[in-house]
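In what comes next, chain A is part of two complexes: it sits with chain B in the first one and with chain C in the second one.
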Partner chain A sequence: MSVFGNTSSSFSFGASNTTTNHNPMKDIEVTSPPDDSISCLEFSPATLPGNFLIAGSWANDIRCWQIEDNGQTVPKAQQMHQGPVLDVSWSDDGTKVFTASADKTAKMWDLAANQATQVAQHDAPIKTCHWIKSPNYSCLMTGSWDKTVKFWDTRSSSPMKAITLNERVYCADVVYPMAMVSCADKKLVCLKLESEPQEYQKFDSPLKYQHRCISIFKNKMQSSPVGFALGSIEGRVAIHYIQPSSPRDNFTFKCHRSTPTQPQEIHVVNSIAFHPTFGTLATVGSDGKYSFWDKDARTKLKGSEQLPQSISACAISHNGNIFAYASSYDWSKGHEHYNPQQKNYIFLKNCAEDMKPRAKK
Partner chain B sequence: MVICKFYQQGNCKFGSRCYNEHVRYNENRSRGQQRSQNDNYGNRGRNQNYVQPSRFDDSNRQHKSHTTDNYSSPFNRGGSNNTNFSSGSEKHHTQQSIDKFHWTSKSQSNRFNALAELEEPPLSSNTVQSEDHASMFKTISEDMALWPSSKMWPFSCYSYAKEKNCVEGLADIQPEEIRTLYYLYGLERYRNILDEVELIYTKRKEELRYMSEETKSSLLLQLGSSIESNPSAGLSIYSLYGPGTEFKSSSKVADVAAFPTQSTVNPTVTSTTTDLFKPAVAQSNPSALPPPSSSFIQPPPATGGALGQMFKTVPAAETKP
Partner chain C sequence: MGRKKKRPIKPWCWYCNRVFEDEKILIQHQKAKHFKCHVCHKKLFTGPGLAIHCMQVHKETITGVPNSIQGRTDVEIEIYGMEGIPEKDQQDHEKKMRDQSGPKNKKAKNNEDSDDDSDEEPNNMFNMNQHMGMGPMGMGPMGMPGMMPNMGMMGMPMGPMGPMGPMGPMGGMMGQMPPNMRWPMPNPRMMGPMGMMGGPMGPMGPGNMPNMTSNMPNPPGFGGGSPSVNEQKPDGQPDGSTNVPKPLFPAASNIPQTKQEELNSSGTDASKTGQKSLSATSKLMHPGDENNSLEEIRGKMQKYQNSKGPGLPQAPPMHSGYRGTVY
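After this line comes the complex of A and B, so read on.
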């Protein structure tokens, strides 16, 4: 009954004693992973010495591990929400973690005191949360299925600003001074954050189907944001520059499809992560594979073997050395393929070599 | 109809299969459009016939700032086009450079080749449009046919080409939304909701696949209008996870209290931490498989009686501007 079938090995759903199948890439397995699907992963910022990984899951918890240089993963702490956690975000100084949940609240987790306090409230599940650090203000940006994006000064219970959009927020990303929000019905909005967050521009979607994930990328010098990568449910990613020097700069490419030609199975792209220094990107999909791409050379750098479950989230550490990906069910095939007994995993891989851009000829 | 901007730059990868019009220049068209493309945010469904300046016109590109206010809108294709065709002499120069370049791309002529070769304005717009529509219907029909077999996520909006309006009748629902409903309501009610939703999508996809005349005309009506599409407007999923809905009260609150704080000096903190992280056998995760018993299911929201009303019928004409 394997969903991601064509695995030649006799992997049976639920029998987790075979240790070789669930980790075909032989990557480092994070200890004590969450009990239910992992919805989001994020590494600590450069301001914090060392590497800490946060994972939010559908088991209502957020877990924190310290990732040591030798690859050891040490569970550090966890917090709970009343409902599944949908997004996490670190503060710029690495002392707080913000968590957004389907229980319509977002919390601020003070790691030193290990205390979490509610800092945001919406009328529907909060799908995205991002910490914004600007010279004149700092706030938490939350996007929800109640069709609003709100900005919260964590000291106040009412938002400092709210932007109403036409549709439910599906994904968002922030790289100061730019924020991108994508909603249902393929709506795409760019916000500028300089003096206060405001709507800057609406974009026509470069894709034909539902938007699933978005990630902003910077220019070659990695000094300022210039565009975004948008993943859809149709096994496709669009690379889009805000100010392209020529229309050919913007393009889309197919990924996470079972075969190069029809008939093919098309999988959703669950998450996109950009390497902080190389500018190359990683994509993960419900086909259970991850891929590294060079968007400037327009080539695929590396593809992984297929994991038995979909890969629901990914993240890259601030120094660009560690690629983390979560093997857990993303609901892309409905509840029939959901097995609560199935173990979920988070794997770590050294990506410093594999994500290097293709050398220019 | 829609002019192929890539062909104008000599780079249309679809060649003869291209659904857009391959003309080398569109002098007559642009004149008529300058007036309508003066606003900065000119990229919301109004730029059906915009012209992308040729890459060779770098000098013209620098005039972009003259036509934009305050901060330059990056997608002011309309605005920047005005500079290319506003002054007579410049225009002539532009035409020449485009024409010269396109001699090399003769092989990329397509169905509109007859028009391009003559270097005349296109024939009556009726002919052009109906061919364009035929290809649009074909694309939609093919995409609908492929959708189920590719096992793609079924509850997604759809447009026949990028930067185009979504087709009515196919709303957008994310996997996480469906999953939230499962975690809120349990299997039985979730399945009821899903069955109705699946029916609606399957029906609409079949309509679009088999393209009756009625479907075609309503599509033309909807896609021809410049009103931004919002197929999910009729979706009232909000009430299912909106105010008043709650996940079952968590017995996991106890976990947090039992959890050691990170600041304790206790050297055994690490080991305790690891124990608590281990998948708890005794206390199985209640949210993993919500039991169907009613004590765990919240009373349905006020509008819940109309579960099947998750999709209100919204006539196409009512799509909000």
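After this line comes the complex of A and C, so read on.
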């Protein structure tokens, strides 16, 4: 709670910003944001002291900030790809960051040495990358539009395993020992990661529209993964258990839709992040809003004001105190609405209170 | 025969005339259908509670209880389950139920049950779509045609009740407060917002009257969907059908929420389940290329294509504010 939760410091920091409407929630603005849309955000794991934030962008760069407890953000380093960066992932020990790019490569960024080396190669842009740490092996999982998922030990130029899918990989998530991969044909694959990555189960989508983001959640004790939240382009999220105790455990809910105007606008769900202790979730959409939800009570905990731009990515820190969200164009209205001059922002907010499930009445 | 007459009347909802087996379920129904805030979906306990909530929390004036039939929209009448129903309406209802012959009665009830239960089930605040295997398609629009005729019948018995409804309540609005109010709100607070309510309600009354006298059929253009049609109903559930027969109080259309729902109910149900026909009522904010993700579409842009040129330097140009290493 103390981390970042000091209202006075965050307040003073907020006051130093010129209060324009790009920040309607009056949250902390990360300094030196990328020059093009932010595609992904990830906080450092609990193995590192403090909090570091990584953002990948369409300006081909990956940036790293140190987030101090008083809310100050210190730019630390950056690396480049030769194409837009589409995903980032921390290694379990926090010493490395893996980056996936539209340049068809994935890189391993050694933060201490500030050196990036290529560790993966696909035949098409790599959309997802996730670090897998198992007791007996560790590897980087990459999902690509070349319709494969590959597993790389970071030393060899050929993958230790490859799984061919029917369609392009659109989103994926890993919470050991479970991985979820979702494809353009709205098929989902659940992988088991013990001993080696293995296909465990295939599902048809609980949603009818193109998948956009997926996030695995754990059981109530937060001890092992039991299901996933899947977001689609049609303002809807599905909560799905791998082994539901009853079919009624699975449900979908609507989100990121405009209040009644004519016609109602239904927005894309860009990202889903689960709170590490509460098990509640945050969704962000191209409507420029974020929302916090309690999937167990099936309630909305909090919604935000509307930002002038889409919220393209979000992340929650390992201790569950900081919610980071990126305000940048996500292409949901096509290229006509792209304004390269529009500034991009990353905001930080203390979410420890807002994401807490409400006490039962 | 005499024995049958003594059979206790089943709990019923004053707002929509639906009959329930159990008052508990009725209360659930009321909270979900009639006392739910259209803005934050909080379920309140009574009509006045909803009005006060909307006024105090969202600064919005509610002019009618959502999903209520003509003449039963009054937000100032405090009804909780079977408590607080105006005596006259209670008598009329009992009379009607007794007049209906056994089998007929049963039939009507079954219809209501079959259509409504599905959307009553989720005991939650936001739209739950119980997808079992098949996904949300389960009860797609197919259910609609079959349902419709029955629905029409359902609406019928409500007709005669319509004009009577408001008479009782309007006469003694305040007097109608049930003695044992379950809504845990101190009286003074209650009076405040109610006073404010008086403003908008006043002028609205006369506006309604013509409609109530001409009444019976839905005013044209008022499909009468529930406000939850759009935001609350899972796709594919025959929610439209449950709403069609319930005429919406014209005044209620002043609530933005109901406006939207008109739009929706005027569209076919397929628009909610179908893949593309979102157009009439809602617009999918996506470039429309169903076979490509936003990233794929964006990546095709010349700007991002160029950046893949092989000649670019690998070494990272340091950003001005960046130090060399992280730690």
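Things worth noting here:
The rule we apply is simple: the second predicted complex is superposed on the first by the 338 of 361 C-alpha atoms of A that agree within 3 Å, B and C clash if a C-alpha of one lies under 4 Å from a C-alpha of the other, contacts with A are read in each partner's own complex, and residues count from 1 in each chain.
The rule is short, and it goes like this: contacts are C-beta pairs under 8 Å (C-beta built on N, C-alpha and C of every residue); 3 or more make two chains touch, one makes a residue touch a chain.
Quantities reported herein were computed from a predicted structural model and do not represent experimental measurements.
Once chain A is used to superpose the two complexes, chain B occupies space that clashes with chain C. By the document's definition of touching, neither partner reaches A:V181: not chain B, not chain C. Once the two complexes are overlaid on the shared chain, A:I242 sits against chain B while remaining clear of chain C. Look at A:Q79: by the touch rule set out above, it reaches both chain B and chain C.
Shared-chain residue A:D146: touches chain B; no touch with chain C. In the superposition on chain A, A:Q201 makes contact with chain B only, not with chain C.
When the two complexes are overlaid on their common chain A, residue A:K254 makes contact with chain C while staying clear of chain B.
Of the two partner chains placed by superposition, A:M355 touches none, neither chain B nor chain C. In the superposition on chain A, A:D287 makes contact with chain C only, not with chain B. Applying the stated contact rule after C-alpha superposition, one finds that A:F52 touches chain C and leaves chain B untouched.
In the superposition on chain A, chain A positions 31-32, 39, 58, 60-61, 63, 75-80, 82-84, 86, 102-103, 111-114, 125, 127, 145, 168, 170, 184, 204-210, 212, 233-234, 238, 247-248, 252, 262-266, 268, 330-335 are in contact with chain B in one complex as well as with chain C in the other.
Of all residues in chain A, only 31-32, 39, 52, 58, 60-61, 63-64, 66, 75-80, 82-84, 86, 102-103, 111-114, 116, 125, 127, 145, 168, 170, 184, 204-210, 212, 233-234, 238, 247-248, 250-254, 257, 259-268, 286-287, 293, 297-300, 330-335 touch chain C in the complex they form.
Interface residues of chain C, counted against chain A in their complex, comprise 39-41, 122, 124-133, 135-137, 230-231, 234-235, 256-257, 259-261, 263, 275, 278-287, 290-299, 301, 304, 307-310, 312, 314, 316-327. Those residues of chain A that touch chain B in the complex are listed here as 31-32, 35-36, 39, 58-61, 63, 74-80, 82-84, 86, 102-103, 111-114, 123-125, 127, 145-146, 166-168, 170, 184-186, 201-210, 212, 233-235, 238, 242-244, 246-248, 252, 262-266, 268, 330-335, 338, 340, 343. Contacts from chain B toward chain A in the complex involve residues 5-6, 9, 11, 41, 43-45, 52, 55, 72-75, 143, 146, 149-153, 155-164, 166, 171-180, 182-183, 187, 190-191, 194, 228-232, 238, 241-243, 246-247, 249-250, 252-253, 255-256, 259, 261-263, 270, 273-274, 276-280, 285, 287-289.
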